Amino acid sequence: MNGYNFAYLDEPTKRMIRRAILKAVAIPGHQVPFGAREMPLPYGWGTGGIQVTAAILGADDVLKVIDQGADDTTNAVSIRRFFSRVAGVETTTRTRDASVIQTRHRIPETPLRDDQILVYQVPLPEPLAKLEPSRAETKQMHALADYGLMHVKLYEDIARFGHVTISYDYPVMVNDRYLMSPSPIPAFDTLKMNRMPALQLFGAGREKRIYAVPPYTTVRPLDFDDHPFALIRAPHACTLCGATNSYLDEVVTDDRGGRMFICSDTDYCADRRGDAASEGDAA
Amino acid sequence: MTLPLLEAHDLQLNFGSIRALDHVSMALWPGEVLAIVGESGSGKTTLLKVLSGSESPDHGQVLYRDPELALHDVHAMAAPRLRALHRSDWGFVQQNPRDALRMGVSAGGNVGERLMAQGARHYGSIRSSALDWLREVEIDPQRIDDLPRTFSGGMLQRLQIARTLATHPRLVFMDEPTGGLDVSVQARLLDLIRSLVSRLGLAVILVTHDIAVARLLAGRILVMRRGQVVETGLTDQVLDDPQHPYTQLLVSSVLQA
Amino acid sequence: MMNTAGHPMLKTHGLSKSFTLHLQGGTTMPVLENVELTVNSGECVVLSGPSGAGKSTLMRSLYGNYRVGQGSILIRHRDDWVDLAQADPRRILAVRRDTLGYVSQFLRVVPRVPTIEIVAEALTIRGADHAEAITRARSLLLRLNLPERLHGLPPATFSGGEQQRVNLARGFIGGHPILLLDEPTASLDAINRDAVVGLVAEAKAAGTAILGIVHDTPTRDAIADRLFKLYPAQMAAA
């Protein structure tokens, strides 16, 4: 596309972002500040993820974008179109065909390989922010690996409700060193991060932070010895494909209480039904 | 002969032209309560900050002797070690419990935080320890899940003490722990501190402007004025037979109830 | 009833004490001059002398409550002699805990603490079992005619005589080898004075060295083995 550099960002900006990514990979789970640019979409729509994707995208990459597991939602569609226009890269909805997957709020059900990169859109990179408002203090806590406060939050949940009530953005320890927000993915997805063969990159545009989990890195959800982390999943099979191991969305079908549960990962569901990938990818 | 737990040698600290600490030396032995008294601006709170490592002196040393008797220069310690020390062997009781407590976290969570910061990862034992400490400071264990903002001032201070003592520190710094409380509440707190200190064998450095508090809690006393230690010794001796003009003035200024 | 088997427990040499009043232009008031006093185990020495002769000042100096100007105060502490005039504060506290007991005229305690705990504490700080200390505190308080219904109350609201008996119980329960009694019977009636006389006799029989200020003659005659007379010190400028 005329008038734009490949993948929208200028090369010096990409180099700056790549340097931040390299640093993030070198210190797994550590939030690296970067000079986030204004992007042609509002904050909260994935400006951090887009900048990371733009910085790592090559001409022969195949890009997949999902939002809440689906390839056909507005956010996913517009970001996919954006890169297909400004970088001319091939796009796909099939997890196994993609070399770069940008995601909002999910990890694909299909296990990722070591030749793939998963880019997360992150609204609030600081896992301690809700508990400790001072950024100076949370920086200190990270520096000293002093995470008792996060356990206090888990303690409060168990004391009040009998179990940990965090159902998404479940805090994890990366490489047994840094406490990290996995972005607002469901707690169900948390264990997929552990020793994942694919590189995981996290971009927060408004907060101007990048962090990473290199391939095969330990990622453990925080828990207590006597209240271990437990997967939460709706006790149903997918109405469409019958899967009993996938994360489900509840869909209300009428105004008389009718509802069904279907896979949140549309590609996974379609794949199980033997269909071709869904047709939302016209751009 | 036991060795001191904490030693300060020739501490000096100036804030511009103000001498906050002027050649101050002291030592504290295990199990002993030392009161630092003086008027506001005398340097007693500054001394507490320097002794506890949160403020650095211009000159001089503070040495801490750990349970294995190794000496550590408090101000040369790496930040993580000093912080770990503050969360294990040491404790700090602030005048305003709201500065130390997490007001949005339950009483149990407040007591448990120090344990969790030390690596405790068993919910059941953290909770039972929190219950024990609430009982210890005379807070109804049934209130373990209540937020501190529903507590009275005296209860808040007792909660802060429970939180501080949960990791069984050997040395506790207290900054006006009974300040700002009603007289009757103060009496109860004094009694509580006194019995905990003697039963747990705590060493305490207590900053107070209230010499009656010093008399009841401290075996030894250090009188400060304009950054200098003007008199030090056995508490009742210093208060009943003060030698320095300033101490005589301080003692004679106290209203008799 | 001289106890000839007694050995020295407390000795002073050249003990002098004066007060410098900085708030009154630095006036110096000499109170004690060259006091030479020995108290043996198993004997009770009572200080005599006119008012202003420094009896209370001497008692307080012997307890380490007042700082001594010159001379020495030797206390038999365990198997050593400790000079209280020179000892550091921690040493003085150790001597007070294990060797030197004191019954003052005033009760100075933490408000709110029950009477029985105040008395028992004097024993538990020396390592005694709490339950046993409570038992002994109770019997001592009863012996001093302080009824059981008062034991659970803080002494702040007690009458002067009742407070005095709490003080006495606290002084006697520890079984210190040396006991200083500063007007122990000042506000007591005859029955309670007799109880004190009994306690002193028992302590002496157990080998305690006792030094007292006792103003009421019957009690003094009953407990004193000998008197030690103090004279007012000369005013320096006079």
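By written order: A, B and C. Residues from 1 in each chain.
Convention: contacts are C-beta pairs under 8 Å (C-beta built on N, C-alpha and C of every residue); 3 or more make two chains touch, one makes a residue touch a chain.
Just so it is clear, the model here is predicted, and its values are computed rather than measured.
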Chain contact graph, described as a line, ring, star, complete graph or other shape: line
Most central chain, judged by mean C-alpha position against the global CA mean: B
Euclidean distance of C-alpha centroids - chain A vs chain C, Å: 77
Chain centre separation (chain A, chain B; CA means) in Å: 46
Rounded Å distance, chain B centre to chain C centre (Cα mean): 32
Per-residue overlap in chain C, given as positions that touch at least 2 other chains: none
Interfacial residue positions of chain B with respect to chain A in the complex: 79-80, 83, 87, 102, 105-106, 108-109, 112-118, 121-124, 126-127, 144-145
In the complex with chain C, residue positions of chain B that touch it: 29, 32, 187-188, 190-191, 194, 198, 215-216, 219-220, 233-234, 236-237, 240-241, 243-245, 248-249, 252
Chain A to chain B touching residues, read off their complex: 143-149, 151-152, 155-156, 158-160, 223-227
Contacting residues of chain C [partner chain B, same complex]: 19-23, 60, 64-67, 89-90, 92-93, 108, 110-113, 125
